[in-house]
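Lettered A, B, C and D in written order, each chain numbered from 1.
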Amino acid sequence: MSGNTFGKSFTVTTAGESHGLALVAVVDGCPPGIELSEADLQGDLDRRKPGTSRYTTQRREDDVVKILSGVFEGKTTGTPIGLLIENTDQRSKDYADIAKTFRPAHADYAYTQKYGFRDYRGGGRSSARETAMRVAAGSIAKKVLAAKGIQVRGYLSQLGPIKIEQFDWEQVEQNPFFCPDASKVEAMETYMNALRKEGNSVGAKISVVATGLMPGLGEPIFDRLDAELAHALMSINAVKGVEIGDGFACVEQKGTEHRDEMTPDGFLSNHAGGILGGISTGQDIIAHIALKPTSSLIIPGRSIDSDGNPIEVITKGRHDPCVGIRATPIAEAMMAMVLCDHLLRHRGQNGDVQCSTPVINGQA
Amino acid sequence: MSGNTFGKSFTVTTAGESHGLALVAVVDGCPPGIELSEADLQGDLDRRKPGTSRYTTQRREDDVVKILSGVFEGKTTGTPIGLLIENTDQRSKDYADIAKTFRPAHADYAYTQKYGFRDYRGGGRSSARETAMRVAAGSIAKKVLAAKGIQVRGYLSQLGPIKIEQFDWEQVEQNPFFCPDASKVEAMETYMNALRKEGNSVGAKISVVATGLMPGLGEPIFDRLDAELAHALMSINAVKGVEIGDGFACVEQKGTEHRDEMTPDGFLSNHAGGILGGISTGQDIIAHIALKPTSSLIIPGRSIDSDGNPIEVITKGRHDPCVGIRATPIAEAMMAMVLCDHLLRHRGQNGDVQCSTPVINGQA
Amino acid sequence: MSGNTFGKSFTVTTAGESHGLALVAVVDGCPPGIELSEADLQGDLDRRKPGTSRYTTQRREDDVVKILSGVFEGKTTGTPIGLLIENTDQRSKDYADIAKTFRPAHADYAYTQKYGFRDYRGGGRSSARETAMRVAAGSIAKKVLAAKGIQVRGYLSQLGPIKIEQFDWEQVEQNPFFCPDASKVEAMETYMNALRKEGNSVGAKISVVATGLMPGLGEPIFDRLDAELAHALMSINAVKGVEIGDGFACVEQKGTEHRDEMTPDGFLSNHAGGILGGISTGQDIIAHIALKPTSSLIIPGRSIDSDGNPIEVITKGRHDPCVGIRATPIAEAMMAMVLCDHLLRHRGQNGDVQCSTPVINGQA
Amino acid sequence: MSGNTFGKSFTVTTAGESHGLALVAVVDGCPPGIELSEADLQGDLDRRKPGTSRYTTQRREDDVVKILSGVFEGKTTGTPIGLLIENTDQRSKDYADIAKTFRPAHADYAYTQKYGFRDYRGGGRSSARETAMRVAAGSIAKKVLAAKGIQVRGYLSQLGPIKIEQFDWEQVEQNPFFCPDASKVEAMETYMNALRKEGNSVGAKISVVATGLMPGLGEPIFDRLDAELAHALMSINAVKGVEIGDGFACVEQKGTEHRDEMTPDGFLSNHAGGILGGISTGQDIIAHIALKPTSSLIIPGRSIDSDGNPIEVITKGRHDPCVGIRATPIAEAMMAMVLCDHLLRHRGQNGDVQCSTPVINGQA
């Protein structure tokens, strides 16, 4: 059954496999009158695209996006926006030898069981290649949000064992890891180099923050803002955990410690991550995700082939040793989609679009 | 905009506030021919209902559910199942004094900003009272799953600082905490008694496990099984984090450590939590959630009133000092809904309903 | 699979069978701040309810609706509105003898084939009894529309061979047929009396009109306003045809005849029925529906039983000889739901809720 | 808000304007294992494409479709199918002079009111050009249906005043009108030639029939099969009326006349058009649609410009004098989509996919 559309008011539908002809998306529900050009989408695509540093896959994709429809004389028309990214660097023959094997921790086995067979070229639809379209669509969401003063940004908060300790937004785009702590970049480089030599991979933690939000976004009880964010972020390849605000740290917190007290000048803390009762409070929205280590390893692993025979698997090809590194723009894109969707879903008193004027003006 | 329906094939729509006349639900898409009676729903409702131990709220609700439609001669008819639970113990006057205050860490402020005003009686729709209907609906999902040999069970894995160390499913229903480690129950009792004396609250971690699954459930890329589970579980009140399988532990894992190798006899481990590429592998599905501490405290907290004036808030009334305790059946219900929905969404070769016969028979 | 929810932003979910305990509905997405009481819903329910004249079924149902949630201190809260109508006059034993027969032109055969068995009491879910809930939910939609100056009204435009010739809104509520032509009422009474004597039934045509609309409602291309109206109206029991504006008369019209020319003072005609390109023009929206004759007849008809044996069927019980008569409030309710949903779905420039100021002020 | 996706299990999402770069579609939920090639789609596209006879628009579009994804080694993979049709014959300058005028009976005024401005080139998104993608997507649905023995075919049943009297499926593809009555083709040609000379246009009636269906498709009460068909068919440009089975003729029918009696050998008639209670009976499904005359006329019409000034409009360019002529494959495509969606939505006893074995084997 269909499962490739995200959102209700602002919907993103994608198609495309790792080694097919092209990736395609339809972004539907974008309000009319938003200035939009291909250049607006290219920036984030370039941040995500492979081959930009030695720490990511060496596949070379230009990831040039074409806007096929929905924009006229430089502005969105309110009609659906078609997007196209052609695949240019498909070395499908790299994959011929995995056609009948199930790589451990990959989607190979699950896809084959579900669909009866699979497009084995580079993981087919299960490849992270599809996230290019999420990033392109997310950039449209970012434009809609920007018109309301909302900004979504992400960063790497942990690479394997290396946690960030200092924080500077300015640093995030200055290194290939999206790391906001300049003092950790060298350690990350050293770690990644050793990892590649070892032929191994590692997990990562990414954080995403939205600023400039109004209170009132989110549709309880099932379409709470936090629930939709969890859906969106967990739908990214390799993500195994999602936190809002303090997340799992809440388990050991006491009520007095966790609660964000309020004064006329704003909240005094933000343990909640900007969402209470499933609705934005106007504070920054903060989410964290855990990404598992890349499954494509040259270190042999035990597995079976499609006939059920035991085999040993080595995955060649060009892979990211840490999928988390390129996940920052993807996580931003997913959060932007959710916020844009909820911005457009919200209706206040008598069906008007405005949220109430916040009682609290300042924010913690 | 609407947000009170969950699922696509098997949908659950609920309504009802903490101190309204009744809670109501419509469960739509339940296959015909499933044996169903009110007794089937009452078991889980009794596990969730308040006032069953000194560690939960002293509000007394019998939570008697009536099936209004969709069942004929003891079996589901395929038409929508209407459910009703009347509220009997509403002490709304307890809440009159909070009408104009925003309790810290509660949904009060966010609801007021969103809707312009709020039903302040017991938190209105934002109260965990609505979860009674989730549990009732979840029991229907459990019946559908049981007919396919699938079982969903949960347990408390951590209460504040107290983590479980031993595991015995038999113990889970033998204590008021759903704790599978009998050796920790006394410590939990002591902790909870101290907490109540202190007037404080604490967080908790709940785990949910599905067994007996076939491979092939989940609809990539956006409706991946893990993404929908994250949505479902994060939509539960007070939940701030969701993990599938190893979750945040993945951040520090290496690829060789995380990957679940396969042999003809089955998987050798289950770090993935039973889901790869967003699709069930046939292994047990494992999820964990973090619940924040209860926000209703008698220890004063700083806040503002609806006019923006600074105030001090003390929350009287009858509250759970650890909302996590009663969350186990709720988390089970949400996982059961997701699995039931995906069981009914799946279509294999040529549109047939069967998943492929698993290549691997045994499971780790 | 689920199919009992209508709408996207303003959604109505219903459950309940003809002879079950009760009908139930959840209306989700209603904006907050709308004044609403049970009395607001009772008016239309009384217009639809059975037993009000000798020309409708003699089943006696008070159809008293209870609002279970979503309204606080006389106003909608923005949270889902639960509705309950208890069934009081179920004479299920009337139906015991049809348990194993398929009444011609009834849903008996189709339901049994679909679900494997059926609730045979009074048609179960396929009975027009469920439309009571549509009317109740539609009244909520009417309140939301009224706040924007929009009114939805219907009338009987043809009863069997008798077509209306004069038109006066004032007359519609003055006779049991919702007939706007007072000069035809006696002929209708005579016709209906003869029909009952004959033991036969007849079809009817109902028209529904919305006035006071803004231009701009409708979401092309698939969720065009006319397409959604067609969906809504065709979902009413016994409806076999839907027209917007001139409908089937268009087949023989020439372009110069059909097109509604415009002047600065407004449109010069309304052949389009107020919708162009799937979007409201601001003119009155006009739809017509054809209802088939009631299928429950005491004149014997050939059929088969559930074992496939030939039988002769006579349908006793209490039935409407013309289901079209009571369909007027139902058709109004469905149109109101669609318009309310689209009022809340619309987003104009930059996501704002307002439609543009109409270029044309007057209307034809 | 989004409105460019149709279906729930088998979903079709489209984008693209008349004079944009390309039309694009994503078909999601197609079962895996269906043989599919571009040639399968091209046949219907060629039936719909402009410029094939002197009775349709002289715009020349090859309408060559590319499958971008979702097909591997000649079979569908179960992942979304991306489709692309490039626009090659855009003479946008033909439209420069209508940029500021509202053509009567066109969507110009409604689109401008809704979105604040519009892509005026050839009607933009409101152009029937988008139906090319419906046809391509419908061909995929037809392939899925064919695998179950279901066929969907359409024909022209009336052109302006000319009604068909004889019926022969073989004739339908032998003339440019899709007319099943060979004896009327000459009259149609004469009529169309006169119409063109006059500079006028005319309406038409199209009929669509599905054969080989199983009973049991349709999801009451709102997603009844007839309601979804009405939605689908009314969403086609220029359609103003939809009938199932006898449609508006029901208004004057008596119950004894309309009901389809049953014998062990099958139904004795098919007034219902194959649907009872919103569920397929296994008989042929029959629908009729009314299409309005083309709105683009060279005969001057009164209108206003975007500043509200009175103007006279003449529409040049290349237009179909009867849009109904090319509507046959479009109507087939929409019916095929609905049936395919419902084939995949249906779940019988215990969630199994099979409909019950029909009690009646023969069909009227």
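The rule we apply is simple: a residue touches a chain if its C-beta (ideal position, glycine included) is under 8 Å from a C-beta of that chain, and two chains touch if they have at least 3 such contacts.
Quick caveat: nothing in here was measured; it's all calculated off a predicted structure.
Asks: So which of A-D, C-D or B-D is the twin of A-C, meaning more than half of its contact pairs are the same residue numbers?
Replies: More than half of its contact pairs match A-C, so it is B-D.
Asks: Tally the contacting C-beta pairs at the B-D interface and at the A-B interface, and name the larger one.
Replies: Counting C-beta pairs in contact, A-B comes out ahead.
Asks: State, to the nearest whole Å, the distance from the C-alpha centre of chain B to the C-alpha centre of chain C.
Replies: 38
Asks: Based only on mean CA positions, could you tell me how far chain B sits from chain D in angstrom?
Replies: The answer is 44 Å.
Asks: Roughly how many whole angstrom separate the Cα centroids of chain A and chain B?
Replies: That pair's centroid distance is 25 Å.
Asks: Indicate the residues of chain D shared as contacts by at least two other chains.
Replies: In chain D, the residues touching two or more other chains are 1-5, 8-9, 14, 29, 32-33, 79, 114-116, 125, 220, 344-345, 347-349.
Asks: Under the touch definition given earlier, write down the residues of chain D that touch chain B in their complex.
Replies: 8-9, 29, 31-34, 79, 144, 147-148, 220, 343-345, 347-353
Asks: Which residues of chain C touch chain D once you look at their complex with the stated criterion?
Replies: Its residues touching chain D are 1-6, 8-9, 14, 102, 104-107, 109-116, 125-126, 130, 158, 160-161, 195, 200-205, 215-224, 226-235, 237, 239-264, 268, 271-273, 275-282, 290-295, 297, 299, 301-304, 306-310, 345-349, 355-356, 358-360.
Asks: What does chain A use to touch chain D in their complex?
Replies: Result: residues 1-5, 7-11, 13-17, 20-26, 28-29, 32-33, 66-70, 72, 75, 77-82, 84, 114-119, 121, 124-125, 344 of chain A touch chain D.
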